[in-house]
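Two complexes are shown next, each including chain A; its partner changes from chain B in the first to chain C in the second.
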Partner chain A sequence: MLTYSPEFVENSEYAYAVARIRALETKLIDGAGYNSLITAPMDRFHPLFTEITGIRNNGSPDVHLLLKNLEESFTGHLYMIKSFILEDEIKRLISLEYDYELLKFIIKEEKFQNISIPYELSSRSNYSYPVLRSMLDFGHVLDTGEIMYNAYLSLKNTKVLTGNIIDNECDYSYYTELFQILFEYNNAFVTDFFVRKVDIRNIRTTLRLKIRGEKRTSIRDRFLPFGSIDIKFLEQGFDHNLEGFAAMIVFSPFSMILRNVDKKGDEENQVVQAEKLLEEDLVQYLKESIFVTFGIEPVLAYLWVKEVEVKNLRIILQAKAAGILPEEIKRYVRGLYG
Partner chain B sequence: MILAINPTRMELLRLKKRHVLAIRGHKLLKDKQDVLVRKFLEIIEETKKLRIQADNEIQSVFQSYSIAEGVVGGAAIESLFAVPGAQTEVKFKTKTIMNLKAPEFEVEITGNPYNYGDEKSSILVDMCVKKFGNLLNTLLKLAELETTSILLAEEIEKTRRRVNVLEYILIPNINETIKYITMKLSEMERSNLTRLKKVKAMITSKKGGKK
Partner chain C sequence: MNSGLFLAIAGAAIAVSLAGTGSAKGIGFVATAAAGAMSEDPKKFGKFILLVALPGTQGIYGFVMGFLTLQKIGLVTGQLVSLTLWQGLEVLFMNLPIAIAGLFSAIHQGKVCAAGVNLISKQEGEMGKALVMGVLVEFYAVLGLLVSIFIWMFLTF
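Let's turn to the complex of A and B:
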């Protein structure tokens, strides 16, 4: 019995971190909390938001200030999680996403116009914006990593550059580097999480391309080959409706999720619902980390669940400010239904 | 008011021609005014509907953007929309309504409006972009209708003034002047006749005296 083995707890490198995480998990906002926020009248919304989330706005009803504080609070959580993690490669992995987001901004800034760099990206990155920029400018390949530097060079030397090319090239490089780290680190739970994430991304992209009326061949330009679903299944499902598409990927757990989408609405709204259900499935997967008593899994899972929580709060804040009805807001909040 | 002209037969003939012309002009202008008013009311009705539609679309776009920003995050949405992918060109033409040059706008969107990556975006961002495109068309159509209604209103006002001038000033004045000249001419004729009769009587009496 692991719980009665003090040696195990002492020897486990993540005992303290997981204990902290388990305590923090109790503070995650549940469905009732979201519901109270969504249905609260505007005059009571801000005090209630502070009460439920602990994010203060100094009495100001400014939604942007709340959003800024919300992002800052997540950055704080990211730092805390990083401090729990012992492996440098995982620390790098957590912030890698933000490095590549910064890279997108750097390329766009160079090629197009003066773009203001969001502060939270710079602070969550492994580098800050000026550091990454100077490293790329002066060719510090060892510091940025070969993959990122090559992506930078390739995009810099591309003559006809669009936002689409920049974003997709950076995303491709991000996943290449990410899976390289995962291959070295060899953690089944974390690797599987990202494989699922890529699968969801590929499914979403295929469904969106179809709605935009693009050709089937456009999937090839956007497909990320790091998932478990082969491109041929996505191409075969491209011309079908959601039900038919789900039938093409019947071997995947996402097939059942797509089948559960309410077919009453138009195609666009079906995909909106599919996106939500797929993301919820990812959160459900993260909850399996509870079976790992002392390891990195609960720590990372907490961070990614927290990210979804921040997303939900952002949706609620923006939607309430825009005067959207509570029933409509519930359609977008992950883990909540009207 | 009697027009300041000489009461001659020539003037009378000219005035009668002017009167016929004024009556015909008045009728034409009245018809034009009626058509303009009818067109104006149609456009106003259409503008009202379109304004409500535009208001709803603006609200829908704003809400759609808010939800999209909530889902993908403020930083991500800034990155996604940092590079414009579509070029919008508004073409201006004119169409004629009752000899009135009204504007006609046509919007042409070239390039790829979905010029962003797939990882950080969402179907909600696509829907938002699509709604913005539709809104642009609605706003231009609304601008077209509102400008046309302003031009029509100005034209109606002008036409109304012309009709009123013809109906209440020019035609009555011409009528009055014609009446005045006719009376003057009749009087002149009568006095002429009387004079002639008098002369004739004088000549007759002179001849009688000699006999």
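Let's turn to the complex of A and C:
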């Protein structure tokens, strides 16, 4: 029947979700909102925070309570976005990051004890902490998936284990499973987003290793092979300054971003600025979802932009509580689209 | 009932049902989007209602053409005319422009209007532009109706 052929309907199932997302996008905090929060005097900060973010604190100036409410609010958004999504694999993909974060905590808990599992992490995961823990303990490989279970076994059997090894192994497994889902789902916008994310992570790791004075070979331990930049270019750029590093990855759009970093400050400052610009470029990429009228792209883009917003608010809250100067806070706050 | 009359009645049925299906589909599309946007901002109902109603016109055009057809063959007055096979085919084809143009244009208008809902959600002052884009799709349903009516006017038995 003509009216029921898929190409004729063209993802009409997402009409509700996208319209709601467009309405929600108007509530995202813009640059002016961030500026007001960052420059607000401490006695005006809490009421202003509630006014701008809508996150209530019952008049208490307790930053930890605000942070908790902020995380709860994001978890609510995550649930809402999951309820909009029709494809089971994408629902799983959204929470996959939290599954692996939970796995990190479970292994660290086994090895180091006295590790408290953040409640929000457990609630954002596909499983929750007790469920994942028992599935791993009882070897329910069909429920956890082979990749996660193998990562758990591998780390469990490793004799000398550090926090870095756990993080690296879990991150590698996370991206392996993520790209497996993306390969099956085959959505260019979503796949490209994660390829860019991996590229940014690899660039950031390389730059961070360099300013920490580590050896070039340490890139290999942390490199994620799912991006568009091969490890050899990162290794070649390792010994150069930021300009030289950018020249080594000239084929990548991130090269131009690195060239735009203000070279006046010291190396650490340059890296902080580069990280900010790279993440802002990722947010700019998400902006392209406005060209999709009906589809999953605007829904996912909103979630990821909201994630950046929560990260910004977290930075502002903690920095204001620690009495850090506004100019310093601004260096770490990422731009948003509205 | 002769085969000519059968084809004429089938023509009326096709005009009403195809154009009506298109309208239902189109309205369903834009109303779903409007519901999504209103769940965040219910005050915008007044702005959305015109866009929601717009794909409904094709269903009305189909109904008008169906009624004119039934009136032409005397079904409304109870004095049925006798039609040859070719005359029946003429009446059937008379209904096709509005039936087909109505079906397709209503669905596509629904999509354009749903996109208009998205536009208004972000840019409240752009309602006029969203409406104009929806009306542009309407134009082709009107052309279909006009051709059907022209044939109806000049068709004599």
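Simple rule for what comes next: the second predicted complex is superposed on the first by the 324 of 338 C-alpha atoms of A that agree within 3 Å, B and C clash if a C-alpha of one lies under 4 Å from a C-alpha of the other, contacts with A are read in each partner's own complex, and residues count from 1 in each chain.
Here is the rule we go by: a contact is a pair of C-beta atoms (placed from the backbone, for glycine too) under 8 Å apart; a residue touches a chain by one contact, two chains touch by 3 or more.
It should be emphasised that the depicted structure is a prediction, and the values quoted were computed from it without experimental measurement.
Asks: In the superposed model, which partner reaches more residues of chain A, chain B or chain C?
Replies: B
Asks: Could you say whether A:Leu24 touches chain B, chain C, both of them, or neither, answering first, second, both or neither?
Replies: second
Asks: Which partner chains sit in contact with A:Val141 here, chain B, chain C, both or neither? Use first/second/both/neither.
Replies: In the superposed model, A:Val141 contacts neither chain B nor chain C.
Asks: Check the residue A:Tyr16 against both partner chains and state whether it touches chain B (first), chain C (second), both, or neither.
Replies: second
Asks: Which holds for A:Ile231: it touches chain B only (first), chain C only (second), both, or neither?
Replies: Neither partner.
Asks: Does chain B (first) or chain C (second) touch A:Ile324, or do both, or does neither?
Replies: In the superposition, A:Ile324 touches chain B alone.
Asks: Is A:Val271 touching the first partner chain B, the second partner chain C, both, or neither of them?
Replies: Only chain B is touched by A:Val271; chain C is not.
Asks: In the overlaid three-chain picture, which partner chain does A:Leu282 touch, first (chain B) or second (chain C), both, or neither?
Replies: Neither partner.
Asks: Look at A:Leu207 in the shared chain and tell me whether it touches chain B only, chain C only, both, or neither; answer first, second, both or neither.
Replies: First partner only.
Asks: Contact-wise, after the overlay, does A:Lys104 reach chain B, chain C, both or neither (first, second, both, neither)?
Replies: first
Asks: Mind sorting out which residues of chain A both chain B and chain C touch, each in its own complex?
Replies: The answer is that chain A has no such residue.
Asks: Would you tell me which residues of chain A are touching chain B in their complex?
Replies: So the residues of chain A in touch with chain B come to 67, 71, 101, 104-105, 108, 111-113, 115-116, 118, 120-121, 162-164, 166-168, 170-171, 174, 201, 204-205, 207-208, 211-212, 222, 268, 271-272, 275, 311, 314-319, 321-324, 332.
Asks: Quick one: which bits of chain A touch chain C in the complex? Just the residue numbers, please.
Replies: 2-3, 8, 10, 12, 15-27, 293-294
Asks: In their shared complex, at which residues does chain C touch chain A?
Replies: 21-22, 25, 29-30, 32-37, 39-41, 103, 107, 111, 114-115, 117-119, 121-122
Asks: Under the stated contact criterion, what part of chain B meets chain A in this complex?
Replies: Chain B reaches chain A through residues 59, 62-63, 66-67, 69-71, 73-76, 78-80, 82-85, 112, 114-120, 122-124, 126-127.
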